[in-house]
Structure formats: C-alpha cells, structure tokens
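What follows is a single structure, and I will ask about it in a moment.
As written, the chain order gives the labels A, B, C and D, with residue 1 at the start of each chain.
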Amino acid sequence: MKILGTITILLCGGLLIFFTSDFPDFGDPKSPASIHLSPYFIEHTLEDTAVPNIVTSVLADYRSYDTMFETTVILTAGLACFLLLRIPTKEVTRRYYLHEPTGVTLRFDGDRYPKGSNVFKRIDSNWVPYDIIINFTCRLLIHFIQIFALYVVAHGHYSPGGGFQGGVVIGASIILFAISSNLRASIKRLGEKAAAIFTATGVFIYAGTGALCMVIGEHFLNYSFLAPLLGTDRIMARSHGIFIVEIGVAVAVMAVMIWIYYNLSSAGKQDEGL
Amino acid sequence: MIIYIAGVLIIAGLFFFLVGSIGMIRLPDFYSRLHSAGIIDTMGLLLSMSGLALLILNEFNLGNFLSAIKIILIIVFIFLTSPTATHAIVDAGIRAGLKPWEKKQ
Amino acid sequence: MDIVSLIAAKANYWTYVILLMVGLYAMVAKNNLVKKIVGMVIFQTAVILFYVSIGYKKGGTLPIIMHGHDHGHGVDSFIKAADYINPLPHVLMLTAIVVGVATLGVALALAIKVYQEYGTLEEDEIRKQIELKG
Amino acid sequence: MTFFDGDSSLISNLPAIVVTLPLFASLIAGFLGWKNRKAPYPIAAVALFLTFISSVVLMIQVMSTGVAIEYRMAGWAAPVGIVYVIDHLSALVILLITSIAFVNFIANKSNIDTVFRNKAGAFNSLYLLFTAGLLGMTATGDAFNLYVLMEIASLSGYALIGLGSNRAPLSTLNYLFLGTIGATFYLLGVGYIYIATGSLNMADIASIMPKILDSSMILFAFIICMVGLLIKMAIFPLHGWLPNAYSESANVAAGLIAPLTTKVTIYIMIRICLTLFTPQYTFDYLNTSDLMVWLAIGTIIFGSLSALAQKDYKRMLTYIIIAEVGYMVGGFFLGNRIGVSGAILHIVNDAAMTLALFMAAGIFMWKTGEESQESLKGMFAKMPFTMAGFTVAALSVVGVPPTCGFFSKWYLISGGIAAGQYFFVAALIFSSLVNAILFFRIFEIAHFEPFKDHHHHSSNHSNKGEEASAHDTHEQTIKEAPLGMLIPFMAVSILLVVLGLYSGQIVNNIINFAIPSSIL
C-alpha cells in the first residue's frame, strides 16, 4: 500500500507540476482571473454597497448566498458532532471531591456525596492542581480577547475582519477559559443548550434577513429592500444589511465552536474533560 | 536619526531571533529548548517590534500613530502570554515525568 | 527564460502541489486515523493556498478601498482595479476554510467513536479486531 | 398559459423557497427539539411536504413556459452574483429529491423514534439540511456555490449514516476521507476553471469556452473535476467507501442517502459536462466517450459480480447501486441523444427503484431483525402485500416490461447500439441477467422455503443497532408491516409501474428539452 501510494502520488504530483507551465505567472496582473470579474467588484463596491472592504462586500452581499450556506455548514457540523457523540446520561458514576480545608481527595460512588456541605469541591478524575499563573493570565486576557473580537466584528466594513473572524475569536476566548479552569466551569456559564440555540439563532438571523428581503421585495437576501425598515437609502441599506448578517455569522460561529469543543473534549459526556 | 535607532533595534531583535533559533536546534533537551524559544518571544520580539513602531512614527500622522499604538499593544500582550505559555508547557512536561538533561560524567 | 525566473513565476503552483501530495500521501499511506485526518487538513489547506495565490496581483495592495470611508459612496472615479488584488479568491477561501473546519470537527467526532468502539486508532489493529469478531 | 403571471411574488421566488424551506424548518425543528421531543417530526414532515408541493409547481411552471427560470440571489445578475437556474433537467431532479425525501421520511417514523430516541430532533434537522443541500446542488448555476452545498449534503450525510451499527463510524470515516478528497478535487478543478476564465458562473464559463478550447488548464480542470465527481459517485476503482457505509447505516438514513447521493452526483456530472464545459468540448473536442464507457462497463460488471457474492440483503443492494452508476455514466457518455435520454430517465427510475428496495429492506429488518437473505424464508405467505411491492421493485431492477426499469434500459441499449458501443450493450444485458439471478434467488427463498423463527439465534447478531428494538416491538406473530410503512411502500411500487407507462411522455415533454440541441 505504501509503495503503491508513493508511486501514485509522485505521478500525480509530477503531472500537476508539469501542467503548470501554461498557467499564468504568480502575480500576473493580466491573468484572466484578474481581468474578467474582479475589476467589477473593486470598482463598484463603494457605489453599490458603500463598504470599502471589498472582501466583506463580496462575502456578504454579492455572494451572500454562499456565506449563508457557510454558516449552515457549521450548523451542520455542530449537529453532526452532537448526533454522533453526545451521551445524555443522567446517572452519576464515580466522582472525586476535594476537601478544601485539608486538601484530601475523596471518591464517592454514585450519588452519595453529602449535599449540604460546601467544603467539598468537585474535581475531575485526572485533576491537577490549578496553576495560579495560568489561571490569572487567562482571566486577565479573556476580557481583552472578547473586546477585540467585538471590534473585529464591528469593524469588518473598514478593516480586515468580519463576522467569521470575530466569532472565532470569541469562541476561542471561551475555550481558553475552559482550558484554564475546567469544562464544568465553562458549561455552567454557557451551557450546551445555549450554545445550540445560539448557533441556530445565528443562522436564523442570516436566513431570516434573506427571507425578509424576499417578503418585502423581490429577491432572497437583496438588502436594498430593507431600506424602508432601516430608514436609509438603498445603498446604505445594503451596508446595514451586511452588518446584520455579519452579526448572525459571528453568533453562529462563536456558539458552534464552543458546542463542538464541549462534545469533542469530553467525548460527548460533558461531565469531565479539559 | 529615528531611522537609525529603529534600524539598530530591528537588527538587535533579529540577532536574538537568530540566537533563539539556533538554540532551539542545538540545545540538548525539552526545557533548555523552551528557554531559547522564550528568548525569541521576549527580547527578539520586543526589540524588533519597537524598532518597527519607531520606523512608522518617522512620518508622523494619526494613522501611523494608531499603528504604532497597535504594535505596542501587541508587545504588551505577547509579554503577558508568552511566558505563561512557556510556564504551562514546562509544567506539563514536569507532570508528564520528563527528566531534565544532565551532563554525562 | 532561465530556470530561476521560471521557478519564481510558478513557485506558488509548485508549493501547493507539494503540499497537496503530502496531504494525499498521509491519507493513503498512514496507519493512524488521526494522522489521516491531519493529512486531510493539509490536503484542504493546499487548495486554499492555491486559491489565495491566484488572487495576488503584482503592484496590488490589500482589497480595502483606500480612504473609502472619507468619501462615502458615489466617489469611485479614482479607483483603479489594478491597484487592488483580486478579492474573489479570498472570499471563496473564507467559505472553504469554514467547510474545512466543519469537516475536521465531524472527522474527529467519528474518530472518537471509532476509539470508543475498538480502543485503538491504528487501522491494522482495528482490522484485526474486525476479523476476530467475524 | 397565464396561470402564474398575475400571481404574487411567491411564485417568482419559488427557486429560493424550495431550498430555504427545509433550512428554516431544520432551524425551527432544532429550536423546538430541545423543549419537546415530539415536536420536530411533524414540522419536518410538513416542511418536506410543502417543499414537494413547491417543486411540483416549479416543474409545471418550467414545462408551461418552456424556458429556464433564472433566479438572482441578492439581486445580482449572472457573472457577478449567484444565480439559480431551473431548467427542465434540474426541475425534474428537484421533484425527484423532494418526493423521495418526503416518502422516505413518512415511511420511517417508527424507525426514527427507535434508533435515534432522544436525538430525534437533531436527526430531523440533519435530514432536512441534507435535503436542502441536495436541492441547492441541483438548482444552482454557480460552480463554487455547488461546492458549498455539496459539502452540506456530505457532512449531514456522514452524520446520518455514522449512527448505524457498531462498525458504522469506521466505514463512515473512510467515506469522509474519500468524500473530502472528491470534493476537494472538485474545488481544485473549479480553481483551474477560474484561472482560465476568471468566472464562476456556469453559463458565463460556457460562453467563454469556445475561445479557450485547447487550453491545457481547461483540460486539467475537466480531468480533476471528473475525478472528484467519480469518487463521489463511487465508480468502479473508486467505489471502496460505498458498500460498507450504506449497508451499516440505519435504514432511514440509507433510504434517503442511497437513492439520492449517487444520482445527484451523476446529475452534477451531466450538468457540468453539458452546461459548464459544453457538449462540444466534452464529446467532440475531448472525445471522452470511449474511456468513460469502458469505465462504466467495468463498473457494471464489477458491481454485478460482487452483488452475486453477497449473502446480506442490504450489501447486495449496495453493489447493485454501483452497477447502476455504471449504467448512467455509460449512457451519458455514449454521447447521442438516445443514450443521454436513457441516462437521465434512469436517474429518475433508479432512484425510485433503490428507494423501493431500501424500504423493503426496512420492512424486512423490522420484521426479522436480520439482514441475511436466509431470513426472508416464507415471506410470501406471511407478508403478501409487501412481497408484491418487492416483486415489482425487483422486476423493475431486472428490467421486465411494464415497470420503469425496462424503458430506461431500452433507451440505454438503443443508444449503445446507435453509438456502436456493443460491449456496453453486452454489459447491460449481462447485468440484467445477474440481477434476475439475484432476485429470483430471493424469490425462491421467500416463496418456497418455510418460515423459520429467528428469535432463538439472534444473539450472534446483537451488534446490529436496530435489532433489539425490532424484537421488543414485535414479539411473536408475523403479519403485515404497519400501515405507516406499508402505504408509502406500496405507493412507490405503484409509482414504478406508472413511471414505466408514462416514460414516453417524460422523455418527450421533459428530457427532450433538457438535452441541448447540439447532441444528436
């Protein structure tokens, strides 16, 4: 298998490289890709959508339909991980508790843990003592990360950024929190249900905007028909429409990253994990 | 004048980058390699980034000033995160039972 | 055309082909499922690099209209397409990156399921277990 | 016909509605599934029914006006934005997808509840997303949009078939690897097309094509796109993922994915060859016919022979699917009008036949809890209606006259003779004979051998996921399947005959318009 694979791959690679001799040179301004369609986007983005960042305007307006299905793809991935992995078990098996005054770890089988006492703290079976340096730095940084993420989402019209990037950064901040403390602490703050509903909400904001345009006006996702609702002219309505769907993308991406992380890191149990 | 200071800073930063990279390859074990990786993140980045900030400020206007501020913020955050990350990795190495290298007698 | 300029002109294609083949090799020849998944990610990333490289234009800057928000809409007579690189491949690749991440998530979920079932991620050991079970 | 002219904008937005209705329904089903376990099913069923209705309206609309509907997403016209193009071919395939998704969903209500239990909400959502992905793939006129939608259909497909028997995750992971290679190759091909033409819109590319016929980029784009799609449709040397993935999945998932995935991929191949690369390039300039027809012959013979070797009913079906892929690919690449008509007609017929056979598999599984052919002993006496329907489906696969399978095979064989591809004709006849042997073997077991109780030795099949529940619900007596399963199954079997009787009309009124006039 290995030898066969190597030979096939060398052949494929050789063939692929051989045929590149007819391709346009790297950075050739006269290549068909650069002169057929893209000049339209570059020259008309301001008059069509009033968004200087061409990537944003193409992503969320000219090819917004692609982007709607991009958010749908991550919804699909979240649902797929949930369907494949999640083990919704209510039964309590073996659990470990730390007696905080003494530092002794106790093991309780089943549900025999003394409910009323607050000197015990639940820990994972592969628990390691919390490191104060890591904990402190992460708690300090998470706020900055989230503020930066909001900046990236909101400033996508004028600088590199947008819904997807900002959503990833927010999701990463919450995953950083889960890593620096533990999975349970982060599930307590943003549960699985919230993550799932946020994901669906994000896609719904996007697709709902599209459907609203279709109900008011003519085409799916044609934001210019939102102008009477937003109280602006048709071009600024496109700019605002882009912003609305970017928020949808950000919410969906943020939530789905957390959702997938919960399921993958605990193999679906969401009881113990990183 | 500022250009020369910036140039010196950037070159000094690149020197630390070089030393750190050589160390990552040449040093004998995990912990000492991390030590040299730390040099890249702290000294190398500090010097070369502040050199860049100065270089931008050479032509002073609002946009360049904002860019310089962003570069300084990058330095601050790298100074917070990079030692923490190194610490966490060393911690994990010790917990996993990795013994530091000793010179053979 | 001498060989150096030839390589310089086509270097982007060569790089992507090499990465593509590295990924494909890992997917075909590696025994460990997680290594195969890593190969899959390299494979997809190679195509992403290819797309981004065809968007590049000599003499072009990043596709954000300079001083766009100073003028607002309607003032576009000075915008020249040659000044900006091609934005379309970047847009397409944003979508493709998301698709890649989604595929990676589902692949890892399946790998966890496989590990729960067989207790290993090595393909030949799994095949042995299947044969033993009949 | 002025029926649609004065109507509201709802009709003009139908191409978008057909695709986004399942998407919205999946979101709503996902929302409500957290609160109430019973809520998602009716929502999904209603949404699938509405999608079916709108696809019927779309079909009527296309047939009455006779021209392709072009729908501009976000209001941007063709090369700049994304457009949906609904012509006769895509309207036909959309109708096929919506009807199969709806019928399979209705027929498998109990299966969904038993297999997926408290994850039924997520399952319903993914089922709808899969449908939406396939519908979008069919309707879109944009080469890159096709890739995104293909990945939605694939990802939801992986999740749906990953929850089957205990071996399903491993075979699904292999399916995922090959599916990703296929999709990524397609993406690479689109990239090559893009650097050669600078456009992503299929019609726009087709208008540039005559100028760049001899460009090596286009040749390479064609090869890479084709390799990607051939992997996805499981043609002979690249078929490895299909049998395990389909036979180890749950019945409701197999009943949706097995009839649709390969057929829609073949539709995509036809769409790309005809609309994007233009028939002039595919057939005249490149002259791909011989190579592809030989590939198809290999697939047919391999699929038939492997099917002969299988003891397991569902596994046998998967190899028949592979053989049928060969029919359609070969028929299309014959390159003459009769062959292409036969291939398109066979997409419809084969999807319906496969659906019927997998529904029968679902009923047998529900009945006996086993998958081997031996478990079908004495079925004719016990389940006369089911077996009648099964007989119709089997005869259709074999290709016996009043059923639909005969007519598409007739077109394919006449096309093969007209093109002079006698080996293809021989392979078709050989495959029909093998199918006859396969199904008459089952008839013999089911008709002549006495019924035997399987409950005593079912322990060695305990790894089958649905087996336990099948026994819980159905302990001792053997009677017909519940009406919820039986009625859709009978409807599909009757449809097989109806499709056969009306196949002349289908070819004359729909498929004739779908094939460009340059193909003679």
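Basically, a contact is a pair of C-beta atoms (placed from the backbone, for glycine too) under 8 Å apart; a residue touches a chain by one contact, two chains touch by 3 or more.
This one's a predicted model, so the numbers in the text were calculated from it and none came from an experiment.
Among the pairs A-C and C-D, the greater number of C-beta contacts is found at A-C. Annotation: 56 Å between the Cα-based centres of chain B and chain D. Centroids built from CA atoms put chain C at 18 Å from chain A. The distance from the centre of chain A to the centre of chain B, with each centre set as the mean of the Cα atoms, comes to 30 Å. In chain D, the residues touching two or more other chains are 144, 148, 151, 155, 158-159, 162, 169, 194-195, 200.
Touching two or more other chains at once is no residue of chain B. Contact with two or more other chains is made by residues 23-24, 31, 33-34, 37-38, 41, 63, 66, 70, 73, 76-77, 80, 84 of chain A. If you check each pair of chains against the touch rule, the ones that pass are A-B, A-C, A-D, C-D. Residues of chain D touching chain A in their complex: 9, 12-13, 16-17, 20, 23-24, 27, 30-31, 34, 71-76, 79-82, 116, 118-119, 122-123, 125-126, 129, 132, 136, 142, 144-145, 148-149, 151-152, 155-156, 158-159, 162-163, 169, 194-200, 215-217, 220. Across the complex, chain C is touched by residues 144, 147-148, 151, 155, 158-159, 162, 166-167, 169-170, 172-173, 176-177, 180-181, 184, 187-188, 191, 194-195, 200 of chain D. Those residues of chain A that touch chain C in the complex are listed here as 1-2, 5-6, 8-10, 12-13, 16-17, 20-21, 23-29, 31, 33-34, 37-39, 41-47, 49-55, 58-59, 63, 66-67, 70, 73-74, 76-78, 80-81, 84-85, 157-160, 164, 235-236, 253, 260, 263-264, 267-268. For chain A in complex with chain B, the residues that touch the partner chain are 128, 131, 133-134, 137-138, 140-141, 144. For chain C in complex with chain D, the touching residues are 20, 24, 27, 33, 36, 40, 43-44, 47, 50-51, 54, 88-89, 92, 95-96, 99, 102-103, 106-107, 110-111, 113-114, 117-118, 126, 130.
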